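Pasting the structures in now, so scroll down.
Each of the next two complexes has subunit A plus one other chain: subunit B in the first, subunit C in the second.
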Partner chain A sequence: MLSYAIRRAGGAAVVLLLVLTMVFLMLHAAPGGPETAYLGNNPTPEKRAAVLAQLGLDRPLWAQYLTFVGSILTLDLGSSLTTGTPVSELLADRMLVTLELGLVAFVVWTAIGMLAGALAAARRGRALDAVVRVGSVVALSVPSFWLGLILVLVFGLYVPGVLPSSGWATWDEGVGEHLRSIVLPAFTLGISAAGVIARTLRTSMIEALDADHVTFGRSLGLNERTILSRIALRNAVIPTVTVIGMMLGTFIGGAVLIENVFNVPGVGQLVVSSFLAHDYPVAIAATVWTAGTFLVATLVVDLLYFAIDPRIRAQFLERSTR
Partner chain B sequence: MRTVVELPAGQAGDTGAGPLLEVSGLDVTYRTARGLLPAVRDVSFRVERGEVFGLVGESGSGKSSLVTALMRLLPRGSEITADRLEFDGTDLLTMPESRMRRLRGREIGLVPQRPMTSLSPVTPVAAQLRRLTGGEVDDARLHELLTDVGLGGLKARLGDYPFQFSGGQLQRMLIAVAVLAREPSLVLADEPTTTLDATVQAQVLRLLLDLRERLGNTVLLVTHDLGVVAQVCDRVGVMYGGRLVEVAPTRQLFEDPQHPYTRALLAAMPSNQARGERLRPIPGTVSGAQLLPGCPFAPRCDRATALCWEVDPEPTEHAGRTVRCHHPGSPA
Partner chain C sequence: MSSLSTSLRAAQRPRRLARLRLLKRPHLSGLGWVGLAFVIAFCLLALLGPLISLDPNERTGGALEAPGADHWFGTDDLGRDVFARTAVGARLSLFVALGSVIGGLVVAVPIGLLAGYRGGTRLDNVLMRIMEALQALPVFILALFVVGMTGTGSSEFGPLTLTPEIKVIALLAVSFLPFFARVTRAATLVEVQQEYVDALRVVGVPRRHILFGELLPNVIPPVLVQGFLWVGIAVFAESALSFLGLGMQPPQASLGNLLSDATNSLMIGGWWLSVLPGLAILLVTIGINLLGDEVERLLSGRR
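So, the complex of A and B:
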């Protein structure tokens, strides 16, 4: 297990380096360099050259690349070009907001999706099943950006005061206020993933109920509750975890969109605002943090997969002893 | 010297002297994408207490469907109807599901066809075997059961998962929970050895028969292997296209088959070829036979007449057994 974790972490590190490289190249290919943040309109060539030299942007590309990777690896992220605040400080506050939003959306929606999928499979062909099937298709096909705008409109304009449609209340502003401000963004962020999870679990459970071992269990008089909750669910969770892993992108990438729609001061909002302001160090740090979070989350799901499927474990042990 | 005591007819039911299983007019129909598929059609037979009843027939003839129907475990969307489906004098068809569930495993045990997939892949075997015996079994008893089926050496490995055992080992475990743990009076064994290595097949079959000797249960044995039938079965039913085309005591069936399909089946037996007879595969295939209006075997039968194509023969008593054929009889 430990060596599996180490191996997977090694893989994640390589991917992270690739992400860094791509961010670097993209920033250099994009029109209007970071110096734009410093220069007003129509800067003189002299002034531009001076700023470039100050930022080290007149050096060869490979040297800039090494400095860039080095500074990220040593967590020396520099300061914002626009406000002068250290990037690490900026990121620290917003990181917590994004993590909380993502985690709440993930936990709540995954639980709802799994519950709905399992109940639909258990009540296959009945009314509840039909509700879940239709509901999950609707949930997964609604574009979250559009849904977010609709919710902002509804709660901001038509039924104001029910739930805050914009902004983020911190814990200091009261637990109730804080939780209320999470509701709409978290709802929008995870609904499509919940639809996918519900459908996957339903299908996998129905498939699992056809398995030979379920028939054998029934032939020995096991009751339906044991069959569903102990056997079919246990088997159906494996393909569902794979899908949950694939949905992580929605939670982390989706935060970029959703935070902007609901004006939530998280990393996602920072990514957009810093890119628009050509705030080079902030943009890099926010992007890399987002990618890094995604990699870590994927890694956790992979390890979970390893923990719940004894066959994967055995395959790995076989390979590593050979 | 043995004395045979004849029971007065009235007492037969109370003392459980009637047949253990009585089936009459059983139909099993699957609803498929291409319409209704009558997998078992108008099947009638009885299994006497203590006997080994063999069920043979080629792939798709409806053997598993029949066995599964007896336990009322057919998949969703399939239908069972019967004039009579009685186990130990009790009607299985109208029995509420809760009672049927108590019967499963306790009164009727199933030994499955594919041991490799008959335990859940994600739970250690010890926990599953305990669960499958109704959770009433402690470690000591479990070990005792496994020792009894020849798996005494596996004590230390019971925390392992099914895929870490061989098919033969798994089948022994399944037999331990399905046959030995609760000693059901009827054991349904659906091709219990077909997926096992040739060397293991005989051992597993031996185990089933030894247990039967010890526990005195009745066995319904589905098999492809006519050699096994000849060795272990008291009576045999031959299935074709969803029908039970001939039912006879084993010896009679082998010495003097009456249904043309049974004759063809026996002629195709390897041991008959070894005796120098020429290989006689049965021409044609079984597919679609269930849907024919007349005799399901007509397309492949060398005796088929116009009547055979049009009218499905009813079961009749002939030469001391039941046969479904318009023109039964010994080989010319």
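So, the complex of A and C:
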């Protein structure tokens, strides 16, 4: 397990380095170069030279690249150009909000999606199955930010006072208030992933239920509940974990949209406002954080995979002893 | 040699034809027909809507009129016809979505073919790591980067002028690359195991011909189905980018712009401004998902 984990973490580190390289290249490929962000309108040549020297942009590209990667790896992220606050401080507050929102949405919606998929497979061809099939297509198709707008409209205008339709209450403002402010953003953030998860689990469970060993189990007189939970679900959950891993991106990328709709002070809102304000130290840090979180989450799902499927474990051991 | 290659190709042909025949005689289920109807309805809105509607950028009524006979979808806070703006926005979304999916496929399919053909080698590894890195950057962040650096309007890159439309198409195409490349690679990995590929190699058929002449036609159907499914995702992504202010710029109507404009009138009761353009997006995303399921089912021969 440990050597597998180390190998996967190494792979993720390589990908993160690639992301850093892409960010660096994109900054330098932009017309005017990265110094444009630090200069006002119509800068004089002297001012441009001063900024270039101050930022070290007059040095060779490879030296700048090393400095850039080094500063991010040592978390020396600089300060915001607009407020002067250290970037690490700004990010620290914001990332807790985004992580909490993402995690709540992820846990709740994954559970709902799996439950719906499993129930639909168990009641295959009946009314509940039809409801789940149609419901999951609608859930995965609905544009999240539009759903968010509708919810803001409904809870802000038509039934005010039930749930806060905008903003974020911190833990200090009371546990109840805090939890209430998570409901709508988390609902909107995870609904499409739940649709995909439900569909995947339904399909793979139906396949698992058609297997010969299930018929054998039935003929031995195992009750249907045991067959569903102990045999079919355990086999069907593997492809679903893959899909859950693929859906992680929608939680992280979707947060950019949802935080802006519900005015949630997370990294997603920070990344949009900092880019639009040309506050590059903040924007770069938020971008790298987002990519890093995605990679770590993917890694966790990969390890989970390894933990729940003995076949994958066996395959890996076989390969590493060869 | 050429006769061997011809007979090998002939051996492949029945399978391809069988797949095509399934497409010609559609056995759509109820949900499949619903999907088809939704997709056609969206296309009609996008292609015919702008012809029969009022001017989308002119004041043609009072401010914030509710939907009625004069203005089917009502008017916005500037008195512009929302149906006309939705139709024009749908046309733009369809154009951007098709452009980005086709662009993504054109680049990603050769990458996936090559990675799959050389599966497990260093080349495969390098290509797939690059795709993973691209995937780790959500499309909105990639878009923020590009738009932040180049501005929201048209920008000049040497002799090229990049309009906002082209920028969004390119951005979406790049963000689709990892997914398309992965699907192509997976299908190629399976196809390469077939004996005819070894046979072609043995008789010395050039690699370029094996890849694009023999493997590509057999690998492409599942990839095209994925591409079709991604048209819906592209419509959503385009509207999301415009909603965040990164895509089309006002007064140009796009489905995302309409929704972001709607936030201004949200709390004074202009429900039609946010509900109706969003329903247009929902129409095409649901339609494509339902229809895509059907096509996938027909291709895989499942009943």
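Quick note on the criterion: the second predicted complex is superposed on the first by the 309 of 322 C-alpha atoms of A that agree within 3 Å, B and C clash if a C-alpha of one lies under 4 Å from a C-alpha of the other, contacts with A are read in each partner's own complex, and residues count from 1 in each chain.
Heads up, the rule we're going with is that contacts are C-beta pairs under 8 Å (C-beta built on N, C-alpha and C of every residue); 3 or more make two chains touch, one makes a residue touch a chain.
Keep in mind the model is a prediction, meaning the values are calculated, not measured.
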Clash or fit, subunit B versus subunit C on superposed subunit A: fit
Subunit B, subunit C and vertex subunit A (Cα centres) - angle in steps of 10°: 80
Partner chain(s) touched by A:I238 [first = subunit B, second = subunit C, both, neither]: first
Partner, of subunit C and subunit B, that touches more residues belonging to subunit A: C
Subunit B versus subunit C as contact partner of A:L153, first or second or both or neither: second
First (subunit B), second (subunit C), both or neither touched by A:F216: first
Partner chain in contact with A:D309 - subunit B first, subunit C second, else both or neither: first
Touching partner for A:A92 - first (subunit B), second (subunit C), both, neither: neither
Which of subunit B and subunit C A:L179 touches, first, second, both or neither: neither
First, second, both or neither for A:F145, with subunit B first and subunit C second: second
Which of subunit B and subunit C A:G253 touches, first, second, both or neither: second
Shortest CA-CA distance between subunit B and subunit C [superposed frame, angstrom]: 6
Touching both subunit C and subunit B, counted on subunit A across the two superposed complexes: none
Parts of subunit A lying in touch with subunit C, wherever the complex brings them together: 11, 14-16, 18-19, 22-23, 26-27, 30-31, 133-134, 137-138, 140-143, 145-146, 149-150, 152-153, 156-157, 249, 252-253, 256-257, 260, 271-272, 275-276, 278, 283, 287, 290-291, 294-295
Subunit A-facing residues of subunit C, complex: 31, 129-130, 132-141, 144-150, 155-157, 232, 236, 239-240, 243-245, 259, 262-263, 266-267, 269, 271, 274-275, 278, 281-282, 285-286, 289-290, 293
Residues of subunit A that touch subunit B when the two form their complex: 124-125, 210-213, 215-223, 226, 230-231, 234-235, 238, 308-311, 314
Subunit A contact footprint on subunit B (complex, rising order): 68, 71, 73, 75-76, 101-106, 109-110, 112, 114, 117-123, 131-134, 161, 163-164, 174, 177-178
